[in-house]
């Protein structure tokens, strides 16, 4: 599917670079991954990145957690209403590391973060509300962790993402 | 003046609404009185699976290979085969499905190498106990022959 | 028998027994009718299994309700909770004493008949309030509060519209009001009063589109959320009896009671005329219910104060003026 | 009970649990309302009662075995999810699907969209207190269910798309039935408009109530008809066209303010647009196979990830799949539109009446099991 990106690439990249100089910005093939841009930022800088995204009128599609043997990944998918322009912001989160919340910028993030917390036990720092969302109130396990229940595979990050970079 | 116009327009819209419903009173009903009238199930209706009877031999071809058992996402199929000496081939002896857990995806039907599984047209499947959902397809097959 | 009937007291006792039986059967019949009307409007059949055309369905349902356990919630106010269903049902029986089913049939043709009806129908609100408050349930309380607000708003235009008829006939006696409509029915010369009365009557009986106190998509069941078994049954029967009563009053006031159109009775006995007209109005109320969405509570009240009351008041003043001139 | 106390009467705010068992919470949603009289001060939707763990299930099922699951995520637009999942896997594998299969999928998807909107129409009016439209809609919807039943074999939770095509070809009877249905649906609009759209009570109940404007939509990621109601013409079918949506001509209906009325009109117009898509697709329907030939028995997509969005009846839904190169997906994340749409209510509900709350809740068209997954 030859979907063209309808926004000039560098506009967003520049805004992000201004705010978060450490960000690694890669172009990705939309026809393969569904995203145009991949932004890898350090965990502490996610709030700034989210601010940059909000300034550019992106909305938050989803926050996804991924569990690997050597840490978590937290993926923020952003998109724009008027133009097709999906961006994925990738965080490499160590086990036990806390992620700053972005619910102060995107209200939508609150529930998504609660969900990620439910499923992976990743703590979001500064979040006003960390009650379990989908799980019952009294659960003490995180079902989507790869060491919970029946598991088919538990990989390191580079086993999946290593080859194509 | 707008005040009276609003009342009149609003009132008229209500009358139009009443007209729609009163017309329906004379229309024939669309519901089906189920236990008294029955419907034909559509040709691709999915009931629980059953063993297909092939007209040339008058029996099914299940060889208890277990493909369906492995492919089933809900693990509802359990089967047991035994070597039939007369035919010199493996034949199924018991084929259990727990229909209460089946999601009717049809993977077993599609993956069957002997093409001997099909969906039945059974739709009155209410039962008293959860164990009544467990059906032995071989017995079902034999009973349906009678 | 003759002797008993000629005796005033005997007549009253026999009448009361007949009223009790009739009101029960009537309510059961109306429940059946409602379900049938709803069914056919919605392209369904409605009850059909028990009895011919499902006529006995409601009786069976009633028996089921009688057999059910009466649950009183732990935190409820026991006295009020038990009183409420009784209080809601008794007053709706009183109007039957003065309703002029035919020329000779009003049980007691009091000269304040109309007043009796309206004073007793107001008790209904009190009962709903008691029931809603007593059940100590938030939905029930909200329903009760809504009901009170609604009834206060709708009593006024209701009485104003009735008053214009009373001005014309100069009497509160039901039979005299009917007799005054010998040549023409009052809804022809009092269309606004008739319409206002009918709308208010729908609101008064908490029927859709004014079923706000029991709005089941909002308040689950409103004031009778916590009532079970026959207590709920009494609320239910009272609602339908109430519908019958307001329609019967509408028939008396605006549709010529037991008389045929323009004085022609066409050989049909008065009671048949009366019941036919009443049930026609009941049907219209049911027809409303299965057509319209529900109003919101504040819209309902503003409709009453901004539209119905001014119209009824203007109508009353014009009527008074015209009568004075003639 | 009969306590006498001389304390002054205090009015205070109180909590009302709307749900989980309530006639109009469409499933098992619980909204904790903080009320001041009948006005809402704070609304806190509490979800998760219908959590079935589809995402965990996905990790223990092969790509093929997961096929029946997506349609159960949102049972009202099951076909769209089934379709979306298959498309995501195909994208991951780089699989090309025969033209005819694409057309068939789109026809069925749009039929499913209409049926979902019709159901919404009925239940929404039921929330407003009108019962009868519900039954009329079900009468119409029944035709769709019969049509889809005829080819897919199920009435609600379809599992008809296959990786690389569809399960079986459609026939003339289905096409004829579909065209007849469209004719029938179009003949019903006057009745619906007379009964509902023009009704003065309805208009008063929905105009200027529950406004979700562009700002709220951006903050909460509201998509679908709820977003289009406030005038943003965002539709995944146009923005990132998949299947044959690029080749058919249809419009994106939009509203102005984003109140209930706009959302209502958007959905009604969308049904008409879906009819147009179906008509065009049927006209263009090519001949040929309905299943790609080179689909391996074992589905083992290459390593990598894909985010595949598609337009469900309620907004932008998406499947995010991470593959480790084996038969089992490493992770499947399902982005459901109702999740974001419902969350926006925490901002929309305060200040409205209880009656409005029900209307707003109905108007955003949530399917609770979809949120809970």
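The letters A, B, C and D name the chains in turn, as written, and every chain counts its residues from 1.
Everything that follows uses one rule, which is that a residue touches a chain if its C-beta (ideal position, glycine included) is under 8 Å from a C-beta of that chain, and two chains touch if they have at least 3 such contacts.
Small disclaimer: the values here were computed from a predicted structure and weren't measured.
Ranked by the number of C-beta pairs in contact, the top chain pair here is A-D. The distance from the centre of chain B to the centre of chain D, each centre being the mean of the chain's C-alpha atoms, comes to 25 Å. Taking the mean of the C-alpha atoms as each chain's centre, chain A and chain B sit 42 Å apart. With centres taken as mean Cα positions, chain C sits 49 Å from chain B. Remark: chain A and chain C have CA centroids separated by 62 Å (rounded to whole angstrom).
For chain D, residues that reach two or more other chains under the stated contact definition are 132, 136, 139, 195-196, 199, 201. Within chain B, contacts with two or more other chains are made by residues 14, 17, 20-21, 24, 30.
Residues of chain C in contact with at least two other chains: 41-44, 290-292. Per the contact rule defined earlier, chains pair up in contact as A-D, B-C, B-D, C-D. Of all residues in chain D, only 61-62, 64-69, 72, 132, 136, 139, 142, 146, 149-154, 157, 159, 167-168, 191, 194-196, 198-201 touch chain B in the complex they form. Chain B meets chain C in the complex at residues 7, 14, 17-18, 20-22, 24-25, 27-31, 33. The touching residues of chain D, counted against chain A in their complex, run 47-48, 51, 53, 55-56, 59-60, 91, 94, 217-221, 227, 232-234, 239-242, 303-309, 316, 318, 320, 322-324, 326, 328, 330-331, 333, 335, 339-340, 343, 346-347, 372-373.
The touching residues of chain B, counted against chain D in their complex, run 9-11, 13-14, 16-17, 19-21, 24, 30, 42-46, 71-73, 103-107, 110, 119.
Within the complex formed with chain D, the chain A residues making contact are 1, 3, 31-35, 57, 59-62, 64, 66-67, 75, 77, 79, 81-84, 86, 88, 106-108, 110-111, 119, 132-136, 143-144, 149-153, 155, 159-160, 163-164.
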